[in-house]
Every structure is written in structure tokens, then in C-alpha cells.
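Mind looking over this structure? Questions follow.
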Amino acid sequence: MGRITLDKVRKAFGDVEVIPPLDLRIEDGEFVVFVGPSGCGKSTLLRLIAGLEDVTDGEIRIDGTDATRLSPSKRGLAMVFQSYALYPHMSVRKNIAFPLKMAGLSQDQIDAKVNAAAKVLNLDSYLDRRPGQLSGGQRQRVAIGRAIVREPSAFLFDEPLSNLDAALRVGMRLEISELHKRLATTMVYVTHDQVEAMTMADKIVVLNAGRIEQVGSPLDLYRAPRNVFVAGFIGSPKMNLITGPEAAKHDAQTIGIRPEHLAVTDGAGTWTGTVGVSEHLGSDTFFHVTVEGFDTPLTVRAGGEVSLHYGDTIHLTPDPAQLHRFDAQGLRIA
Amino acid sequence: MATQHSRSAARVMMAPAVFLLLVWMLVPLILTLWFSTLDYRPMRGTFDCCEGLGNYTRFVTSSAFLSSVVTTLQLVGGVLLITVIGGILLANLLDQPIWGQGVVRILVIAPFFVMPTVSALVWKNMFMNPVNGLFAHLFKAFGLQPIDWLSQAPLFSIILIVSWQWLPFATLILLTAIQSLDSEQMEAAEMDGAGPLSRFYHMTLPHLARSITVVVLIQTIFLLSIFAEIYVTTGGAFGTRTLTYLVYQRVIESQNVGLGSAGGIIAVILANIVALVLMRVVGKNLDA
Amino acid sequence: AQAETITIATVNNGDMIRMQRLASHFTEMHPDVTVEWVTLEENVLRQNVTTDIATGGGQYDVITIGTYEVPIWGELGWLQSLNDLGDDYNIDDLLPAVRGGLTVDGNLYASPFYGESSMVMYRTDLMEAAGLEMPEAPTWDFIRDAAAAMTDRDNEIYGICLRGKAGWGENMAFLTAMGNSFGARWFDMDWTPQFDTEAWSNTLNFYIDMMTQSGPPGASNNGFNENLALFQTGHCGMWIDATVAASFVTNPTDSQVADSVGFALAPDNGLGKRGNWLWAWSLAIPSSSDAPEAARQFIAWATGPDYAALVASEEGWANVPPGTRTSLYENQEYLDAAPFAAMTLRSMEAADPTNPTVDPVPYTGVQFVAIPEFAGLATEVGQFFSAALAGQTTAAAALEQAQELATEEMEAAGY
Amino acid sequence: MARAVTTRRKIAYTALAWAIGLTIFFPILWTILTSFKTEAAAIADPPVFFNFDWTLENYAVVQERSDYMRYLWNSVALAVGSTVLGIIIAVPAAWSMAFVPAKRTKDILMWMLSTKMLPAVGVLYPIRLILIETGLLDSKGALIFILMMINLPIIIWMLYTYFREIPGEILEAARMDGAGLKAEILYVLTPMAIPGIASTVLLNIILAWNEAFWTLTLTTIDAAPLTAFIASYSSPEGLFYAKLSAASTMAIAPILIMGWFSQKQLVRGLTFGAVK
Amino acid sequence: MGRITLDKVRKAFGDVEVIPPLDLRIEDGEFVVFVGPSGCGKSTLLRLIAGLEDVTDGEIRIDGTDATRLSPSKRGLAMVFQSYALYPHMSVRKNIAFPLKMAGLSQDQIDAKVNAAAKVLNLDSYLDRRPGQLSGGQRQRVAIGRAIVREPSAFLFDEPLSNLDAALRVGMRLEISELHKRLATTMVYVTHDQVEAMTMADKIVVLNAGRIEQVGSPLDLYRAPRNVFVAGFIGSPKMNLITGPEAAKHDAQTIGIRPEHLAVTDGAGTWTGTVGVSEHLGSDTFFHVTVEGFDTPLTVRAGGEVSLHYGDTIHLTPDPAQLHRFDAQGLRIA
């Protein structure tokens, strides 16, 4: 009821191979998030699954049957677009009803389903408005409503929250997570916001230049990034990556330590540095510390009440259990 | 944006255009209004005061008036129908992937550049002439009796000629509009199970509403004053006399300036009524 | 004299264009005069010239106008008198009928450039093939029967080509002249329109029946030019139209039937009037002209007796503008070169503008009524008749509409 | 929509589009072809397409009769002059409407457009009388002014729709940067609106070029453009298709060529704010 | 040299009063941030200062002189717009030079200043590009460059970073902070992102419906929000606000406790609740905990390694020193 398998799927636009052959299994009911830097092929991959692009090679199976050549409307998937792609000339009700109308349902059935969806999404009072009269979050909900009513075997989301402001984003993030819990339908979700990825996903797929760098649960990726790319990409603020003699001490090409795993120690510590800019968030403070011999300043997370000032000298000690080591190929050394 | 400063600047900057247009509208209009109350027939040497509303009653009650209004509406309506429908279809076709799209577009645009007089002359003589015209040759080649377009289907022929000139305009505007249709919206509709026809009906057409409005508005303004095409082809005979043409006949052919001026004023009033109706009916599309 | 520029407005027909070409001879003789040409299609020309002169625009110094406008405009004082065009002009050489039409109260207001009447032009070969012979002065019945006999629709040969295009100078010129021979008239002596008479009914029905039976398709859009083209390309058996056409249809470079054209007088119905008209394209000087002296010199040159010789020497006698001077028809060279000359002269002499109809009328003009309202009225009436020819309405209905309109207009005009 | 379109469908669309395109273009093509024929070939039945004796004679005849270059120059002067003048007047007005909208702005715009509905012939006498009084009959200046007035509403409307799409923030930025009104319009707005202005210019050149009522009734020699030129060929006697075609070709060729060269620009701009 | 004083400034659009009379002093060299929810009047206030809108009533003084009726170009301020508002038809160099050209400087002076600004902002190698050929961050820098060269007495920023993606935003944030350190010019900065506000501001002005709710340093606002609105607005995730009997226990209408000040205690705690959705960020975990008797779930911040599951029952203890109390008017009870 929502198992999607990609088998050696390859995509080239003309001569440019955007996605080299790639295998992926998405299990029924899973919430899978594709993350990766801009232009890495996230949207393309999603559109291949949707059928909005033709695969160049390989096979896409949905629930075991070959869907590679099926038209988008036949795949039983629903998609929520970044721009929401609402139909501007139709009321919210009509927008949500559109897929049902296309499926040839009777007006009664349509009404029932639309009302049910509107209730779930708290859209009751907006049903007769046009999309242009809605706020960003409401539009987003309409787009989801349009997807829900079809009872698809899987939902595809392409950066659905990127047009919303920060506060709304947090709210909608929770709503989508809850929706997933409630419907237990497969969801494939594209984002480049790693907070979204971490908080929503059952399984994260990290993409880089069309290649899968790592697949795993959010915490797997956080705890054991398979390579330098994933290490740098997952976690906020970014993991500090240190090369050179310091790394060599640990028999590695590169070592990595997250800001939250660096302790500010009184008196003595592993490293000594000078405090640069500090960012006080109230709950936390991020210090940028320049350590002699390191190429880039280290970011250190401390509590909200720590008082250190520009130019202070401090001592830092990494949590050895949380030290990541990578070899010359950038791969994790276990 | 709107500070005191910029508002007063705006007033100053609008002034020349508004002033000129006001003068351009009012001076001839007032003169025309004045003439329309006179018995002004240069050929009789009369320039006499005080016909009152006589010219108006004569113009309106003359047998030609009502039919000219109907003809005007038929002409404008017919051309709008052909160009809008044709424009939508053609724009959709040109939006498809085709080889040599640029060249085809050039071919389609070309009639828009042709002077109305020239196009009427060419169509009348070289195509619609029942003996030497190309259509006649064509009909004969198929063993058919050539049609005398300009007397058997005069209004239709003129509509055809005018449509030929304005189809490019409609097509261009609608094509640009179609190309601005958000592709994600189309994809969403496709995901929602809409076939090509449904997509056309439910997505493309509503998206085009605004552009169609613009086409209708602009074309109506120009079509109401169509002149050369009628002048060259039928000279207003066979029920092709529009209101504009009737005024022309009164002013130029009968040299009855008073009567013609009254007709002109009536034409202005009617045109503005049409415009108002148009704004009411379609105008709200403009301000989406 | 100081340099002057004259602006000449003229029609775009062959004779005028020839005049334009030959104007260099004029400017050689008058180096102080510069000539500018505005050559326009007949209707556009009339429209522009009329509005200009009516508003006193003074855009033109020499205008080309017809016999219809001259008396009206002359009377209104819009034209300068041309009584003294110089000794060389030889005013008495002008054909009396033409001269009469251009004179108001003893003043000549326009100098005729060429004059014309109408006559029958026919294809001798087709006539022969039909086993008929054209009399010099045919009757309408003969014309109708001959047309039917000559018609061969499969080969696109139509027995008769006549004007059908609406316009006072197009179908109404023909129909008015034809009506004259049927005893019809526009107005009776009280200026009451006469379209409800038997005579008009006969005229129009005869015309429509004959055209339906033997005319070309689309006749209701044919004017002089269209018919000329048809005749030159061999589609017409007979054509009743302006005498000037004779030189075109007999000119082998333009006409495919040049060697088989015959001429006859316009038909009659035995009522004493023939269905031919009288017209002259003439040059006149608007009162508003700012270079009247140079304009006068030009007119004297272009319509003077020497012009014929000039054309003859440059382009041959056949191209000399006809129908204005008696001397031309006494010139043997011309008569030799123009086989239609004699018939043209006879036709012109047969037209009587002062007494055009069988029953008396209060107006002058053969194929027009010399009142200012005529052009507008006749054009609209022409549209009714043209529609009847096209089969969109019946002859009876067209006549009824015409009567109604004419009554309306005449009342409004204060008759 | 980057899914492969089947070649078969593409061929079908291409064939259909070309067929329609050529049909629409055919009258022009036919006119151009006919202009190179002899009069006899021009009316030949069956019609000849390319296999006739090409001749330039018609052009020679036309040129001999009327000095084409003078008409052409007048057409260019009228079209360009009226358009430039119109733009100069319209830019400030459109700026006001687009960036300092008032409640009445929309109404003013509609009123401006409605002035275009005055039937020209109805005001022919008044206009003529005014020109005669001022001695401006047959002067290019007067005609440029009249053509400008006729098209001014369209120019203003087009510019207005373009300007509306220019973010006001940029003009505000210029203001913050110390630009006065003149500098704002001259250095920031106008250059940014170049595509819009260009297509407005193009469209108005076309409209002015093809205007055939005023240019015909208010000119004789000095200001007569190609519309007057063509009026002397509309129905000469005898066979005239080839000569008519030659004259027609000469009358439309300049604008057709200009239109084609700038069609990208024209297409891009010819939207009257119809889109978005 | 950059002191801006608003004195009873009021702004109405037609009949709608967007900003009720308001007083504000911005000291020379200060970095002042306006925050507040969307539509609260932040931009309007900034534009009033800039002179892009007329004030309806009141007076604006810049460095002591009345600037209320001065045109924008005369106020000596520079503004950086949300959309950057670069001149698309000019090269980067011309963009930056534009204000100088308007000021009538000689070409030599202009060149010198433009080059200096470009060096400061690392734009040297892009000077001949058009804005359209630049990335978002680079455009942002050009906009700042254009502002810098005028050596204004104050900079005005209207959400300058909101069009950038998360990673870039962090970088630009630091750059602007550094710029402020370097130039020591007054900066007025509008944002609705409270991380930006917290990390950049010397002084935050919290606006709500055109009214100033509180003015103070970031940590002041974090530690002692003057009312419920500020309490809820400053801090991420939001402070938990609890009303009803639980609040009454503390003699307050509402009590507030931040997620980071709730400790998960074994065995017993002040409150007992059930774990709902949890968001694992790796470094932290946010739990949404439903506590019986509370209207809304509490958000609790815990470390990255805490393992609690949906439905677990846990005990929570607030840090009493960090408990905020508010009265019936929503005002802080000291």
C-alpha cells in the first residue's frame, strides 16, 4: 500500500547525468526525507517517482508493480508542490474537490470527502475563499487537503514549507508529522532544511550530486555520519571539521567534533583559543573560537548564562566519545 | 511610496498627458456638438443656426441607423469570436513542441503589420474576386461554382479580412499568457488525474481569462472604428454599413456635416456604452 | 515671375498619369513653376478635394473634377473662372455639350481634360459565333438576346458586363442613363422622386434579368475597372461603358481581345433617348488656391489644343485624351489611329445634359442630377440596386426603399 | 514538463502548425510573388506559383509614377516622431499611475482609452478647420501630434502595465540613494523598463504606420505617407494586380521587416499586462 | 552622527491607524532591531524613519534636527531592502557608485570609494557583473555596499536576510554584525526572525500592532520579558505559558517557563505528563508533553541522547529561578 522501489534509476537531461544509477527502497508507511544541497537532484528524484519526468534508465516499482512507464495520474500518488500549485481561479472547496471530480466521483461523495478533509486540516471556515485570499500556512493546508482526499498510496512533498516564515514552518512541521502518524501513509519529503529532516523523518536520504551519500534514521546520521559530507551536512550548527596535525594525532585525515560536544573547561583543556564573535540566543550561546593551528574557527555551544567576552582566552575539551574520524577518502573510520 | 512629495510630483507628471487628452477630446467634441445643431451643408453653402435636435432625430430615425448599429455589433462580435477562439487554439498549438517554432510565429504575426487598406485591397482583388481571384480559381479547380464573396457573403467576408488582421494580435497575447501558466499547476492537475482536455478546460482557459479580457477590450476599441476594410471592399453596400461608415457617408458623401456630426456624437455615446458594458462584464478580470 | 509651386490633385487613370509623365514639357516652358502631384483613386480624390474645398483648406491649386461638381461648385463661388485662358486656348473649339456642362452663368469654371460618353463595346468574334450582327444603334431587346446567345458559362464567357458596384458614379451612372432610355427619371417637375413608376420598374427589372441571365458572377461588385479587366481578358461578350475604355480594349499590350472589338451606340427603347451619358474630367482652380496664375498656365497647357499633338508625338495618336475638342475629330491622323473615334463623337453628340429624359425634369445632367444631395442619395440608392442585383432583395423592394429614402432626403433638403 | 514528447506527436504538431502558419501568411506571400509577375501571369488560371517570368517591371512602373522614397520618409517620420513624442509624454504619466496610484487612477486610465473611441470621421471637419486656421494642414508636425494623440492612451496603458511590474522598492532605493525625481525616472525607471518601452515603441510605430484616415485626409504632399501612396493604386484601370501587388509590397515591406527583426521584443512585450 | 529620535510619531493609512503615537530613541552607534509578528508595523516604522512614508503626526529628529518633512534623499540615511532593490540594468560597480553619482562626486572619488567598499565586502571580482548574475548572498553584499559608500549617519535594514537560505543567512548575519563592529554606525534592523534579533541587536524593540511592547538588550528580554507577548515572542522554542489553577498557585494569572528550563526528573517531579511528538535534532531533543490540567502541551528541551518514546510518562520540574509570572493584564510580576 505504498512501497516504492527504485532500481538502478538513472536520469540524464540531454548529456548531463543528473542522477547516476541509484537504488532505493521506501517501505510502506515510512516518512522518508531527501536532503542535500541545492541542485543535488532532490526534486528530480521526486519527480521521477511522481512520473512527472521520464527515467532515462532503470525501473520504478510501486507496491511491487512496474510503474516506470505509467502516467502520473495512474500511479496513485499525490504531490504537494513547493509553490503549492493551487488553482487560483477555484475556491478552496473546488481545489480540494478537483482530483475527486477528475476521478468521476458523485457530488455527494465529493462533498463528504472534502468536508472531512477540511475538518482534519481546520479549513472549514475558508472553503469558499480563493487561494489568493489565504495566508501561506492556509494555502499549504489546502495543498495538503487536495492530496489527502485522493487517499493516495504515498504522498510526495517538494519543499512544502520553504515559502513559509519561521514560526509557521514550525507549526506546519508538527502538523505534517501528526498527519503522518494519523494516516500512516508513506511520505516522501524533499527539503534542504536539515531541522525539518531531523525532526520529521523516519529515514533520511542524504543526496549529493545525484548520489546517495547515506540512508538512515536521523539519529544514525547524527551519531555516525558515513563520511565528511554527511557529517558537515547534518547537525546545526555545523560539525567542526579539523584537518592537519591535530587530525593526524587521531590517525585520521580529518576529525570532527560538534559544537555541542565541546566543553569549555576552566584552567586547562585540550585546545586553547580566543573568543571571537559570540551569539547569545538566551537559551544557548554560540562562540566562535580561534584556535592556533586550525584553519577555521571552532564553533562552541554553551549555555545561555555563560559569560565570555570578545578576546577572552578559553580552553576547550572535546568529548572523546563524540569525536568523529575520517580517512583520506572522507569515509568514517569506525 | 506615497509621500506628500511624490503625490504632488505625480500630479505634475500626469498633467501633460491628461491635459492633452482632454483638449484632444473636448475641442473637437465641442465643435462637433456645435455643428450637430447646425444646418451645415457646405455643398449648399448653408451654415445656419439652430436645427436644435433636428439632426439627431433625423439621424436616429433614418432607416439606416438601426441596421448600422446591428451591423457594427455583428462585425465586432464576429471578429472577436473568430480571433479569440482562433487565437486560443493557435496559441495552444504554438505552445506545443514543434520544429521551427520561431519561424511559424513570424508567419502567424505577419498580417498584423499589414496596412488595413492593403489587406483589404489584396483580399478583395486577389482572393475574393469571383473571376480572377484565387478562391475562384480554387473553386473552379474543384469543379465548384465560384462564390462572389463580397456580394453573397459580404459581412462574413469583411469579418474574415478583419479577423485575418487581428488574429495575430490575439494569438500573441494568448500565447504569452499560456506560456506564463505555472507549470507546477499543470503538473498538479496531471497528478490529480486530469487529462489533456480537462487540463485545457479547467486550467488553461481560466488562466487565460484575463488575457482574453484584454484582447476583447483592445480589439473592441479598434474594431468599432473599422473603416478602410469596408470602404475598399463593399463601400458599405449589402448590409455592411457600420455606424462609423454611416457617419462617413453623411459627412463625406452627402456632405451634410450637421447630420454627420450628430451621428458622430451618437456613435461616441454608443461606443462608450459598449465600453462601459464591457468594463462591467469583463473589467473585473482586469484587476485580479 | 517668382518661383511658384502648384499642387495638382488628380485621378489615377491612364490619361492623367500620362499627363503627369508629360508635365516635364510644361515645366520646361515654365521653369519658375514647380509641379507637385497628388494622384489618388477616384473616390479618395473626390473625398479629399471636396472636404478641402468645402473647408477652404487651399491644399490644391489644380483639381480634377467631373461635370457633376462643376456647376454646383461654380455657383458656390468655390472655383475661379477660366474665361481667359489665353488666346492659344481656343475656347470655341470645345465640344458644345461638354462646354455647356462646365459653364455657369456664362463663366467657364473648369477646362475639360477629356470627355466621354458611353457606348456598346462588343466582341466581333463572339458575335459572329453567335450568328448575330450588331446594328449601329441597337435596341435593349437586341442586347439582351445577343447577350444570352453569346454567354458560355463553361468557358467563362458572359454575354454582357455592366456596372453593378454601388456608387453614384458607378452603377447609378449606368442605371440613370439606362433609365433615361426607358422613360424613367429621378424627379418630376415638383422634385418628387419617381422610383415608384413603371419606367423605373422596367429599367431595373430588365437590367437585373439580363445580368442574371448573361452577366458575370459577382457583377454587383464590378465597377468600371473590374469590367475593363474582365473584358480585356476575354470574359465579356458586350460591355456598355465609357467611351474612353475603347482605347484600352483595343490596345494590344493590355488587351487580349484587342483585334476583335466592335463599337455601337448605346441601346435605346425607341422612346427617343439613348442610354448613354456625358462626362468630362476637367481641371479647375479652387478659389482658395494661392498660385492661381501658375495653375491657369498649367490648365491652359494641359487642356489646350497643343496638348493633343504633344501626346501624339510622344505616345501616339491613340492615346490622345478624347472628347473635348472638335478639332481632334477633324484630324485624320487621329481618326486613323482611333477606330472608335467616330463612334465616340456620335455618342457624345447623342447625349443632352440639359434635356436628358423623355419626360421633362427640373434638373440637368444625363447620368446624374446636378444637385448637391445627389451624390449621397444616389450612392445609397445604388446600394439598394446593387443588393437587388446580388439577389439579396427584389427589384420591387429596392425601388421601394429608394423611393422612401429619396423622399426623406428631398424633404430634409427642403425641396 | 520535461517528459519526452513522442516524435510522432511532435511531427503532427509541427505539420499542423506549419500548415496553419503558411495559410495565414499566404496572402502576403502571394502578394509578394504577384508583384514580380506580369499582369497576365498575375491572373493566370490555374495560378502560377514560382514558375513564371520574374520581372521587376511593376516596381519600375510604380516608382516612376510616384516617388516612393518621399512617401517612405514621411511614413518613417510620422511613425517614429509620433511614437517618440508619445513616449516622452507617457512615461511620466505612467510613472504616476503605477507608483503613486490614487483611487481614480483606474478610472483615468479607462477614460483615456475611451478617447480612442471617437469616430475619426465625426470630428474630421472640426480638426480640419482647426488645422486650416493654424495653417498646419499637410504639415508633418500636426500629423505627428495627431497620431501621437490617437495612440497616447495605448502607450500610457502599456507603459503603466510594465511599470507596475517593476518593484517600487527599487525606485525607493534610488530615492534613498539621493536621486531626485528626474534622476529616478531617467537613470533607474526608464532603463529598467527598456524591454517594455521597446515593445510599446514597436507597437505604436506599427499603429502609426498603418493609420489610414488622418494621414489621408490631412495631407497632400509634404506629409503624405505610404497610406496615401497606396491610395493611388487601389483601383487603376485595366489589369492591375501585379502593379497593386508591387505597390502593396513596397508599402508594407519596411514595417514587415522591422516587425520581423524585432518580433522577439514585440512578442515579449505585447501583453498589455495581460499576463500576471 | 546617527542619533534618531521619534517623538509621538503616529501613522495612519486612511482611517486605519497602523502606528499609534510612539516614542523611541536610537543612540548613535547602536544596533537596534525591530521585531514583531507579521503586519505589526515594523516596515512602516522603518519607512517613516527613512522618509519613504509621511508621518501622520509627531516628529522625527535625526542628530537633533527635525527631519520630519525632509525628503528621503536629504536625511543622510541608507537603506537595504528585503528584495535588495539592486538596479538590474547596472553592473555591480555602477550600482554601488549610483548614490555617489547622485551626490555629484567626481569620477575619481567615486572609483576610490567603490573600490574600497568592494574590498571590504569581498566583491572585487564581481564588480563588472550584473546583479542577475550574482548569488543571493552576493546580491545582499552589493546592497550593503551601496549603502556603505554614502557613509550614512545610520543604516536601515528591512529583513535583509529573509530571502536567503538558512546556511547563507547564518553567514550574512555574522558579516553584518562584524560590519557594525567595524563601522560603529547606527543600524536599525527589521526582522521577524528572533534568532537574528537575539544575536545581532544591542537593543531590541518588540512591536505588536504598532505599539512598542518592550525595549531592551536581548538578554534582558530573554530574562525578564515585560509581558506575556514578549515572553512568548522571544526565545525558541517558545516559552510554555500556563494559565489556570497551576498559575494561581504562584499568585499569577499566567506563569511561563522556557523549554530549556524544564528538567526531566526521575521518579518524581512537579508535573507529570505523557510524551507526545518528539523532535530529535541530534544535539537536542524537543518533547511535547501533555500534562493533565494544562490547555496546551508543554515543550521540553532535553539533550540529544535522552531516549523517551511516544506515550512514556515523565516527570518535569521547572527551574524556580526561571519561572516567569504575569498578572491579569499580562504584565510581569517582579
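By written order: A, B, C, D and E. Residues from 1 in each chain.
Here is the rule we use: a contact is a pair of C-beta atoms (placed from the backbone, for glycine too) under 8 Å apart; a residue touches a chain by one contact, two chains touch by 3 or more.
If you want to know which protein each chain is, UniProt gives these names: A, E = ABC transporter ATP-binding protein; B = Sugar ABC transporter permease; D = Carbohydrate ABC transporter permease.
Just so you know, these numbers come straight off a predicted model, no measurement behind them.
Any chain that touches subunit B and also touches subunit C is listed here: D.
By number of C-beta pairs in contact, the leading pair of chains is B-D. Centres computed as Cα averages put subunit A at a distance of 26 Å from subunit E. Distance from the subunit B centre to the subunit D centre is 16 Å, each centre being the mean of its Cα atoms. Averaged C-alpha coordinates give centres for subunit A and subunit B that are 55 Å from one another. Rounded to whole angstrom units, the spacing between the C-alpha centres of subunit D and subunit E is 53. Along subunit A, residues 52 each make contact with two or more other chains.
Among the residues of subunit D, those touching two or more other chains are numbered 1, 43, 124-125, 129, 172, 231, 233-234, 240. Residues of subunit C in contact with two or more other chains: 47, 51, 55, 229, 233.
Those residues of subunit B whose C-beta lies close enough to touch subunit C in the complex are 41-45, 58, 62-64, 129-132, 136, 145-146, 148-152, 231, 234-239, 241, 249-250, 252-256. The touching residues of subunit E, counted against subunit A in their complex, run 37-38, 162, 165-166, 170, 174, 177-178, 192-193, 195, 198-199, 218-219, 222-223, 234-237, 258-260, 277, 279-284, 286, 288, 301, 304. Of all residues in subunit B, those touching subunit E in their complex are 1-5. The touching residues of subunit A, counted against subunit B in their complex, run 50, 52, 71-73, 77-79, 81-83, 85-90, 98-99, 102-103, 132, 146, 150.
Put simply, subunit B touches subunit A in their complex at residues 182, 184-185, 187-195, 198, 202-203, 206-207, 209, 288.
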